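Okay, here's the structure, questions in a sec.
Note that the chains take the letters A, B, C, D, E and F in the order they are written out, and that residue 1 is the start of every chain.
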Amino acid sequence: MFDALVTRARVKSPWVLHFDCGSCNGCDIETLACLTPMYDIERFGMINVGNPKHADVLLVTGTVNHRNKKVLQALYEEMPDPKVVIAIGACGLSGGVFRDAYNVVGGVDRVIPVDVYVPGCPARPEAIIDGVVAALGKLRQKAVPTAAGAGGNGRFHPRMKATGSS
Amino acid sequence: MKEPVIDVTPAAVGNEVRQMKDAGWRLVGLSGAMVDDEQIDILYHFDKDLTLSHFRLRAPRTAPLPSISAVYSAAFLGENELQDLFAVRFENLVPDFKRTLYLEEEITTIPFATNVKAAEKKT
Amino acid sequence: MSNLVLLLVVLPFVAAAAIYGLRAAALRSGLVMLTGGVLAVASVVLLARGLEHDFTGLPTAVLGVAWDTLITVADFALLGVILLWGLRRKSALVVLFTAAQLVLLAIFERFVLEPGPAFAPLYADSLSLILVLIISIVGSIICIYGLPYMRIHEEHLALRRSRQPEFFFYMILFLGAMNGLVLARNLLWFYFFFEVTTFCSFMLIQHDRTEEAIRNATRALWMNSLGGLAFLLGVVIAYGELGTIDMLAVVQSGSPTGVLLGALGLLAVAGFTKAAQLPFQSWLLGAMVAPTPVSALLHSSTMVKAGVYVVLRFAPAFAGTALSTGLALCGGFTFLACAALAIGQSNGKRILAYSTVSNLGLILACAGINTKAAFTAAVLLIVFHALSKGLLFLCVGSIEQEIGSRNVEDMRGLFHRMPRTAVITITGILSMLLPPFGVLVSKWLAIQAAAENIVVVTLVALGSALTVVYWARWAGLLMGSRKAGAPWESQPLLTRGALAVLCGAVVVLSLLTPVVYGELILPMFAAMPALDAAAPLEVGAGGVLGGPMGAFAVYPVFVVLVVGLLAAVLFMRRTGRTRYTHPYLSGIHVGERDAGVFRGPMNLPVTAELGNYYLATIFGEARLTRSANLAAIVLILLMMGLAMKGGVPS
Amino acid sequence: MKIALLTLAGLVLAPLAGGLLAGVDRKVTAWLQSRKGPPIIQPFYDLIKLFAKEKLAVNPWQVLCAWVYLMAAVFSVVLFFNQADLLLLFFVQAVGAVFLVMGALSVPSPYSQVGAQRELLQVLTYEPLLMLVFVGIYQVTGSFRISSVLDHPRPLLLELPLLYLVLTYALTIKLRKSPFDFSTSHHAHQELVRGVLTEYSGPFLGLVELAHWYETVLILGLCALFWATSVPGMAILLGATYFLELLVDNTMARMTWRWMLRYVWTVGLVLAFTNLLWLHL
Amino acid sequence: MARTVIPFGPQHPVLPEPIHLKLVVEDEIVQEAIPALGYVHRGLEMLAQKRDFHQMVQVVERICGICSMIHSLCYCQGIEEMMGIEVPRRARLLRTLWSELHRSHSHLLWLGLFADSFGFESLFMQLWRIRERILDLNEATAGNRVIVSVNVIGGVRAEISEEQQRWILGEMAGFERDMNRIRSTLLEDYTVKSRTVGKGVLTREMAYELGAAGPVLRGSGIAQDMRQLGYAAYGDLDFEPVVEAAGDAYARCKVRFGEVMQSIRLVRQILGELAKETDPALAAKVKGRPEGEVVCRVEQPRGECLYYLKGSGKPQLDRVRVRTPTFANVPPLLAMLPGVELADVPVLVLSIDPCISCTER
Amino acid sequence: MFRMTLNVLRNLFTPKATRLYPARVREPFAGYRGQLEIHIEDCIFCGLCARKCPALCIAVDIKTGKWECDPFACVYCGICADHCPTDALFFADRHRAPAEKHSLMSYTGQPPKKKEKSVAATAGSEAPANRKSAPAD
């Protein structure tokens, strides 16, 4: 019962951190548009918290470069478990049209594990919402790494069986 | 280019630029381009009442060049960028990011001077 | 009984003399500790003997010389010495005020004073007893704390010849003088002790003989001499009105005339100078150059209390007059202005100094409100302020000796270096500003007492809010993290002991507030018929201090907050599973977890320095002091003027 | 017995009411912005989720401070339900306020530190105002006890309308609504990230959130005292007040603390003074 | 006085783009602001040497997703100039139309973010809601909401049907009404004005000397707008640069608001011209390879953008160099930060409408 | 403030602007470049799309008849579809769905046998770059 409640709460309350990892702004403005009246992702309990320590979902847009990859890494580590990462746009997925530029490392998954990829250039708000919904499914599955992983701890985390999504 | 291009030498550029400023020209920006494997073109773009005018400074990439940041302080950004991308060196550039404006240690080549390793990085 | 008084007043004088002669550090330490112990015990015993003492059995003469004569001679001698110091320091003001006192005193003693009905020159009621306890216990603790402190202090200064004998001479001498002051009934005795404290303070401020110390000591001396002059003038005028130098007679004179009110006003002004009220605050601020035990003893927990003691003593005599209202306004204003000034300070001792002046202002405001509730608030505040502030000064002293700075900015994360001291300091600070500590109970009562007077209550309301600012940020920045299992800081036993005892006393006594009230303060009102009739508070079941206007549930609040805090500490301890991480630095932190370093422009590491707001443009001394002083002078003149116009009831 | 019941009510009902109110707040805010908004019970999801997250902190003091903040908030609500002394209640809530600030100061993070400084300035702003409101209540009812307010035959609003306005300033500051949302705001679109709350995370943020609910209830309770003679009156007053808060929140930019100090102190003090004076006339 | 050093960015909720400012404040008054860039630098100018000059259109378009279309426009115009291509008038009109749509949506986006920078959330919401109208127009006419990819060298790829033209006209009316509703809040509200008026003042001289561009320059009283050059179809249209004299954040806001209204008028003019244009040709033929040097300028929402192109007869260009408006506006920003309150930093940073992605490329 | 009050009150009493995606899906605009798709049977493996693609995300192998595209790198510009001589490439008007894993669009078709030579020849020669610059739809 308790487990179910917690899972439900997690899925119902995904707070996002949006990191512009060297994007062209195209994907950023579409991500931001998700917050605005037309799309209003707060419907799903989402808040753009802007602070890794408060976030459950990391939205990354843009190409990873040699400078911002360190930031990306740090932000990811500062987020408390359980967390999911969504990469947005061709750039975040692979480097997009800039893949072979000299300061481009590639997609987000070169630096941190990515749970959901949202293609597009830019990814339109509906696509981002789809991505978030998919990520929530992932979040539902994420049992807390009790032993493994740097930050794993389970005192408040009821152990969850990976019951599969939805 | 359809606009006038004035060739300047490294020794004269400071003076010439100051004259432009005194004559009321706005510095629009700096562009750099490799001419061949050694020579670099640095173009200074000026604007006055919607007309453009350019300076062309042609010099060996490795020779130190005078900074015009003392004349047009806003030039510091463009000059730092040129330092990053071409590993040219501007003297008396304030503030001097020393080739860290854009680049990290991981980039070991000079982006626009192909086939040259950035030996003088980390100066 | 009389032996006790001798112990409390005379012993320190004798012991001080002995200490002055002793060069051996160990002997000196022993003597200081012994004196302190004896004083503490004597004060407790005196209390145990009852609440009202009229020391009639006291021998009237010693070695054939009448005490009165002895005091007179000593008085002249003291004024002479002060005059000499004034000349030596080339201070016209000191010379002027002291010479005036000399002349006035001489005229008074020679031509005016006539033998009246005899009365015992000493007297104690619970107000005196409370002060005797503070002086003897807190004072002694501070003196003992001074032992290791001064050793290190002199090590730092690398003196060739120790000047500790002189130091402890004045410290111990001062204890005796204070006890004498609060026990005096004869106003000339009162005056004598008043002057001794002035002199001790002067000598101790200039103890280090730096240029600044000398300058500040001289300033303190002239301001306090002005106070002495006002005191003497007040006594003389009162004598002219009432024909007595019996303090009790003055206090109980009833429906005062304008002239007598003027005299009382002068006494109040004398209190203002001693309590460093605006516009006299600058001497206390300057006094912070003295070694910290001096600041703790003289300039926060005891001597400045002599100032408020004078006012409180005589307050019933002018209850309900315009003087009273004026006093409340002056006090309230000082409370507000100095709280504001404290916000502009980053020097820990100056913060403490301003806070002291501010709190003394609140006490004086209570004296001005002049109801039993206000009196209770004032006395409670004297007690708890003495404890907390004494403790805080000692803390700052210890911290300064360890980190070499008294600037609060340098104390950031002190818990890392001095965990024990940091925790004690935090406790001390919180005891000045939060329930369930005693200071808050007094504040609660003060606000209730002031609630009828919109202006005073507004001043108090604004002042307490300002108080929160400078305390809370100081307490907060002391916190920090520490590696698990790292050793606690080492400290001389006496230092640690003094801190621990005072800290414990703050906590325990706060819990005992209802007892203090019921046993010590309530009986005091028997002697104050001039005040309103009803008892201000009742001690209800479960330690609820209740009155007609409200109730402060001391025990429940104490239990909930302290037990809650302990529970919270337990929780905190059990955060073994917590992952400790970097502070948020926009994703570019580098280096150690707690270092607060980020990767800045040009890829260079930058420390994210932190700093409080001192708001110099709003609360800075440069911005406020002038206008605050002016306003205070106007208020004081107004108060005096109203008083002289004669007992117009407010 | 009565005490125990009231205490229990305070303990349990207050957070429920506070959470629900937070939900309504978000919903109505969304509507005012022409959005659909989250479900009403969203705050509870948030809280549960927070408690189920990994425990992350910078140092243990933070944790301590969060606990004390919560405790003080709970205790002041309990005192309120037990009709205690208003000043006492005020001091107890100040414990929470101070510990919140100290927690933020304990961390070497400029954001939380600057937030703490701003929070202190907010405390500095609303404390005297609240105290004057209580003084006004005292002058009308002759006591600082809540019980005597309840015994008062007429709504306080009639005698203290300006002080009620003053109270709403304090309410706005405490609710962290525009134009006073600069020490921390509900979301993070602010130069200080989340100010005092920047460094709290997971369950510890949950503690703070919960404490905030209690505080909301407390301060709305204070508002309710102004029409304590009738329950519908109370409801109308609270509803109107809260709606007004939301309206103000949605029609104003965030201001700076310099403005707040200047504006709220002058306007607040003038209002309070006028009201107190006219009581005496 | 105690210093506080704040790492403002690269990840920061009020900075949608990663840029770092090392801020030193005392009592929240900024004493020093030093920037660090490079978090968005991709090195895409280099791609000119790896892509042919046609492919580069799509690359430069992605320098920035906000006025993407104007980037490719500038690039295409440069190449067309270099190769002497005559672009059909219809294409020029369409290019101008999309340019103005981009300007409106960019300014609306900015106005919203600006409102958010001083914590006016509902105003932000309102403005972004209005902005969706433009995005719908983009999507319907060009197949994508944001990066429209309509430009090709020699012309455009998409046509706007007559039915669509009528719809656009209708949308413009609704758009204008929405803007008028928001006007008094944005430009007259007491709280908004007290957060923006007199903040970050840039005098006329400073603005010119520091090389400010676009609304920042015009907000300081200098009537300079690259559209006056008459590129695309601007030469056929009737408009005046929007200028404000005060040089503060409020003036910049007013300029941008004025430009949105101006865009509406321009769109109406263009639609009128389109209806009269009879030649259906959308693109000219491209022959040969670019050779020579050219400098080309356009007015983006953020101001003057300059492309320097150099070709040597190969399919790849030798050099594509982009000097974007934000690049020009960073020095003015740094000049106005010292002395302001910390709370005004986001307001001022936003007031230059920073686009770091194009600054660093 | 007053005008804003009117605004927000109007919002309160008018229908919400929110599009309830995904519960309700809006009709896409005609010509929206949602996702790239291919009728592989129409493809003649000319490789033009691969050469024109600015993101370099298409690989065409005429020998094995393999046409591959990396949808994670595609920037949905439509250049390939513009140039496809047989209109085998086209855009569906629904955006590409998010994925949890990277996968290639990979198709195998029948490379034209006979015309192979001429195709190769033309591809190698200078193809008129802008042959199909009119709108795709």
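Quick note on the criterion: a contact is a pair of C-beta atoms (placed from the backbone, for glycine too) under 8 Å apart; a residue touches a chain by one contact, two chains touch by 3 or more.
Quick caveat: nothing in here was measured; it's all calculated off a predicted structure.
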item: For chain A and chain F, chains touching each; value: D, E
item: Those chains which touch chain D and also touch chain A; value: C, E, F
item: Two chains sharing the most contacts, counting C-beta pairs only; value: C-D
item: Taking each chain's C-alpha mean as its centre, the one farthest from chain B; value: C
item: For chain B paired with chain D, centre-to-centre distance based on mean C-alpha positions, whole Å; value: 57
item: Length of the line joining the C-alpha centres of chain B and chain C, rounded to whole Å; value: 68
item: Between chain B and chain A, distance of the C-alpha-averaged centres to the nearest whole Å; value: 41
item: Touching two or more other chains - residues of chain E; value: 4-8, 10-14, 28, 34, 38, 41, 43, 46, 58-59, 62, 122-123, 125-126, 129, 147, 185, 189, 191
item: Interface hub residues of chain A, defined as touching at least two other chains; value: 19, 36-38, 40, 43, 48-53, 67, 71, 75, 78, 80, 96-97, 100, 102-103, 121, 124, 151, 153, 155
item: Overlap residues in chain B, where contacts from two or more other chains coincide; value: 95, 100, 102-104, 111
item: Interchain contacts (touch definition) - all pairs; value: A-B, A-C, A-D, A-E, A-F, B-C, B-E, C-D, C-E, D-E, D-F, E-F
item: Residue ranges of chain E in contact with chain C within the complex; value: 1-12, 20, 22, 26-28, 34-36
item: Parts of chain C lying in touch with chain B, wherever the complex brings them together; value: 601-603
item: Touch list for chain C against partner chain E, complex; value: 346, 409, 585-588, 598, 600-603, 606-617
item: Residues of chain D that touch chain F when the two form their complex; value: 28, 30-36, 247, 250-252
item: Touching residues on chain F, where the partner in the complex is chain A; value: 16-22, 25, 35, 54-56, 70-77, 95-102
